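Two complexes, one shared chain (subunit A), two partners (subunit B, subunit C).
So, the complex of A and B:
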């Protein structure tokens, strides 16, 4: 694995508005459980304003964030984002 | 002028009366036609009327639909909650496709700002109930379906009895509380749900609770709570009125809802997925495979805390769950002025050391400022002010030493000029006043106030010619 290993993260809706970008590359590998810490560090306040209600996908699969973040009773989890993977931060859009 | 107004009013009145009479005649005709065709159908060996074979032929010869699919559509009852940007195109295509019964739920009236995207409503129907306006159009498109109007906002008390009469629900609404209510009711009454949403240039689409197995059965499709267990913070929620919406974006999502509805009604369930549409990205669509029902889901798991009983008794409180933002009054009365006072101060050209020129700061986003702005106002978008707050946390720091980059230079070069902050509706302007004061800009007695009610109020009481968008 190279030193410059990255994954691509896509921001939608309020996540895109908060970060001011639709996509960027972040260093890989990264456990999903750490992703929100990394984002909070880069974009202070983002956890409370955006991430708390978001869905997340790694590759083309939705992640059970409660399991990854240890919320509630689920305890499977421990997904690691690998080099070259595509991740999407998906806030619920409610208007229409 | 008065005379002309009188003539217009009387003509309008006569048109309304004549239209009502026409509508009654149309309904009578429709009933008569229905009775006639029902009588005829009894005597024929084919399951549909002649005209229906011709009308639906182009979709019936598609193998995925066929005659069996058409007959399923014809015997199906679909409820569309919301007759707006999603509901209009969804209803249009489902009516066109020959769904047997279409119900529409909406408590709103047509507004002129709806017309760019809510394609069933026409200019002539501004002010009319949306459900009536929509059904009027749908009847002209296809007289075969039965159309049912539910002219009210969906409530937890009424939702179960309304949903019970339908086979499939479409969520075409515009707020989180109603979305959770619709999903919960659909799960509890075992109805599949086609859910979509749209804002600005993006949309989401997903088929939920399909198959609609009883709560606790892990083979049932996931529900809205499984996908989004926590609602977004109320302060982050933008409506189409505030955030904006491009017509074809919400239209695309509504048309896709109609498509998914046809698939649910005529084909076996497929694995659950969330489709994300982003009009200015490539690819335009991304599809995410969803997981099955969450074992801890509040409604569709084996240990539900939401039941028909909690829903109808009000103990499942959707407004509380989603939170609400009451109109903000962050400022005291002496920190605010009325639009009239603002107008007076801004239009007095006389300035002196004791009466320095005022500075007007407009905190709307630039795209709105570029549509229309007050003379001599300076644009500093609220998003710019707020996003810099995380990097500059010291309050009452001296802005002369280290002013934030967004601070207009006039503020530091004329330290006694009062600052008037204005926005669209009078909420963001208060947040901005707080922020300016936190920077210590009011030291030395400089006045920093917000214009109450924003430009909307300004139009109402000062300048009726101000364009409201």
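So, the complex of A and C:
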């Protein structure tokens, strides 16, 4: 729809330390399979340093990253982040 | 270092305001299940263990266990000034609820409380409180430990150690076991 369509993405822990921010907006729609490429372009080195150990949620559900980023898949992943959705990068937790 | 949680400190882009569920002003966030007698809380204010326990007391409970995780003043001999916690509540409360419901059903508990403090937690103060009650002691002891370990494994909350020397470090629970020892094979 509009050219300014975006979704909000939140960063926590090591992900927020790497990006230097806790939240931002990125252009929507965006396939989950492309998201890590977009983040790597914006924050060079982030994939190796941070994203490799992170989960990802869209809304309040985790995305199956193995399926979405699956090695050898010819087509792009099935989950597409839509305008207005809320995405979070979830590093290994340290509650308690 | 201000007392503001990390989301506020790093918030700089006015085009990306925080949604209400990440805004500390909207806390505490509390979920209760009256049927299972479950109480779950995320809060930026100090925990009150006496109040925590009152949620699990009942005539049918003969055993009441309270665990408090408090900020220790050192990490590997390096003096710690304070801890700072951030959370992603949509997932954290969902995980806490799943853990709590499973524990109540598995151990036939009469009550269960999980409370986690967010933002700055000074040395000596509690970041997590778990209270469990059951008819007899075995179930309460076992469930208390199990709930804590499952929370540390999977609840979407992150701890940053802030050292007296000014350094800061995000922690990962998967790196340490219940005795504080490094788990072989974990990252870094």
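Here is the rule we go by: the second predicted complex is superposed on the first by the 86 of 96 C-alpha atoms of A that agree within 3 Å, B and C clash if a C-alpha of one lies under 4 Å from a C-alpha of the other, contacts with A are read in each partner's own complex, and residues count from 1 in each chain.
The working rule: contacts are C-beta pairs under 8 Å (C-beta built on N, C-alpha and C of every residue); 3 or more make two chains touch, one makes a residue touch a chain.
Not measured: the values here are computed from a predicted model.
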### Task
Identify the partner contact of A:25: answer first if only subunit B is touched, second if only subunit C is, both if each is, neither if none is.
second
### Query
First (subunit B), second (subunit C), both or neither: which does A:95 touch?
both
### Task
Considering only the touch criterion stated at the top, classify A:14 as touching first (subunit B), second (subunit C), both, or neither.
both
### Query
Touching A:57, do we find subunit B (first), subunit C (second), both, or neither?
both
### Task
Indicate the residue numbers of subunit A shared between its subunit B interface and its subunit C interface, in ascending order.
10, 12-14, 17, 20, 22, 53, 57, 60, 62, 88, 90-96
### Summary
Counting only contacts in the complex, subunit A reaches subunit C at residues 8, 10, 12-14, 16-17, 20-25, 53, 57, 59-60, 62, 86, 88, 90-96
### Summary
As the complex stands, subunit C meets subunit A at residues 6-7, 10-13, 15-16, 18-19, 22, 69, 85-88, 90-92, 94, 116, 127-128, 148, 151-160, 170-174, 187
### Query
In the complex of these two chains, what residues of subunit A are touching subunit B?
10, 12-14, 17, 20, 22, 44-45, 48-50, 52-53, 55, 57, 60-62, 64, 66, 72-74, 88, 90-96
### Residue ranges of subunit B touching subunit A (in the complex, touch as defined)
82, 84-86, 172-176, 179, 196-199, 202-204, 227-233, 235-240, 243, 245, 250, 253-254, 274, 276, 278, 280-281, 286-291, 294-296, 383, 387, 390-391
